Amino acid sequence: MNMNFNDTEQRELNSRLERKQMREMLTTYQNLLQGCFDECINDFSTKSIQSREEGCLMRCLDKRQKASERLTARFQELNQQMADKGGAPGQ
Amino acid sequence: MSFLFGGGRPQPSSAEKIAQAEMEFEMVMDAFSRLNSSCTRKCLPTDYREGELNKAESVCLDRCAAKFVEVSLKVSEKFQQDAANARGGQAGSGGMFGM
Amino acid sequence: MNMNFNDTEQRELNSRLERKQMREMLTTYQNLLQGCFDECINDFSTKSIQSREEGCLMRCLDKRQKASERLTARFQELNQQMADKGGAPGQ
Amino acid sequence: MSFLFGGGRPQPSSAEKIAQAEMEFEMVMDAFSRLNSSCTRKCLPTDYREGELNKAESVCLDRCAAKFVEVSLKVSEKFQQDAANARGGQAGSGGMFGM
Amino acid sequence: MNMNFNDTEQRELNSRLERKQMREMLTTYQNLLQGCFDECINDFSTKSIQSREEGCLMRCLDKRQKASERLTARFQELNQQMADKGGAPGQ
Amino acid sequence: MSFLFGGGRPQPSSAEKIAQAEMEFEMVMDAFSRLNSSCTRKCLPTDYREGELNKAESVCLDRCAAKFVEVSLKVSEKFQQDAANARGGQAGSGGMFGM
């Protein structure tokens, strides 16, 4: 994508992308929450979280977040390599 | 949701205020929709031998909803804590529910 | 969220939220339909729904809808309790 | 989709008419996308030993599509019936497909 | 849906539907890609795709695309039959 | 993404250019989100006995990301090839990543 934006266009674009990124962050957050809920909370004999469940939950959040950060770094590197080879943008 | 939005920004414009309120509304709807799908999956057997909720299913749904909300709070606290630690020590305060 | 909206803003906001709510309702409807289809329709030796499948389908819809109503009520109660404790809005 | 939209409202504005047509279009696309994912899951084995659809798979897909549409109609009728019962007796009329 | 659109409305509507259709096509593309990745790529002892995996991937894409085309044709026929019977639009 | 957008169209308007850039951004975010969910599912065991990524998991994630991107490129090439064949022979050129 080789488009030239003037200042007004760039401002409008930035504000839209910011909003999209915020929405994406929130979706990621909710995915994380639901994913760890689904995997760690399976006992409905009580209505409060058990300490075993809470431990699982915290480790799940930690591990998934670290995985996500690692994958983000890899994705960016690979994206950059593509761009350098003259492949398509992807960013 | 002050830890995600606002937080020391100048007076927002009309469009910004509306966009923010809209996004918060969406988040609450999304939270409910996830609670709904998770608890339905966890509490309803998939053979559907009857159309009514029986006692055990009802109790399971109630507890599942309570646990989902409790988990939401814990996750939000953890994120605020992590963010505070990253900023250099002081903990965030105030719970946030629904996201 | 403690925002003050003037009348124009409030009207604009309401109309947007209404549209979002409508869209959400339709998604819920389609989720219900697909979920019950997936669980009850598994015989492709005929091209019409069998009476056994139809029974399963109707009970599935009934039960899931009741579950959804129950969860909505709980969600609102819990949300309200949060708000009362001075926690975050969520509504 | 008269049971969801309109239904005795005054003349809609341009923006409303467009928004409604847009939403109906989305609903049809969404319905197809769900049919597609459900029937693919139900009819294609996941080992992918060949790239062609064989006879059994093709027949399964055709029947699955027909059943999905039949289910859509039944569900829509049931909802209209339930809504009519809730309003106090008289049944809704007219099928609705695609949602 | 029996709405009359004037020319301006029709143009606006068309451009919106086009954008939605484009977005839908891209989602379909990404679903296809992710679905075949999930089913065919399961060996992480190497960082390059193995020829066995590539074969699976290509057959998966072919077969799913053909299935999707077949389902599209069926969906349109069924939709048309509904419309002819005076049922609801759906298109 | 020239095979999907543009490709010989006249000068686009401001709104069109912005919509296109917006859509490309969304596609990249969507691609990452799918990579993330697939690789997390494939590489992390679901018992969560520890919060750290261990060596095996880290290596699996790295390879999974590389394979996902490689698959994206292959799929894009295949689609361009298919499109070119459909147009009557000449192959498309240029990779496309992120979608």
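Think of it as A, B, C, D, E and F in the order they're written, each chain with its own count starting at 1.
The rule is simple: contacts are C-beta pairs under 8 Å (C-beta built on N, C-alpha and C of every residue); 3 or more make two chains touch, one makes a residue touch a chain.
Here the structure is a predicted model, which is why all the values come from computation and not from measurement.
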item: Partner chains that chain C and chain D have in common; value: none
item: Separation of mean Cα positions, chain E and chain C [Å, integer]; value: 25
item: Cα-centroid distance, chain A relative to chain B, in whole angstrom; value: 17
item: CA centroid of chain C to CA centroid of chain F, Å; value: 32
item: Multi-chain contact residues (two or more partners), chain F; value: 26, 31, 43, 62, 66, 99
item: Residues of chain E touching at least two other chains; value: 27, 58, 61
item: Order of the ring members, counted from chain C so that chain D is second; value: C, D, E, F, A, B
item: Touch list for chain B against partner chain C, complex; value: 1-2, 5, 14, 17-18, 20-22, 24-26, 28-29, 31-33, 35-37, 39-40, 43-44, 46-53, 57-58, 61-62, 64-66, 69, 73, 76, 94-99
item: Residue ranges of chain C in contact with chain D within the complex; value: 19, 22-23, 25-27, 29-30, 32-34, 36-38, 41-42, 44-49, 54, 57-58, 61
item: Residue ranges of chain B in contact with chain A within the complex; value: 4, 19, 23, 26-27, 30-31, 34, 38, 41-43, 59-60, 62-64, 66-68, 70-72, 74-75, 78-79, 99
item: Chain D-touching residues of chain E, taken from the complex the two chains share; value: 1, 3, 5, 8-9, 12-13, 16-17, 20-21, 24, 27-28, 31, 35, 39-40, 56, 58-64, 66-68, 70-72, 74-75, 78-79, 82, 87-91
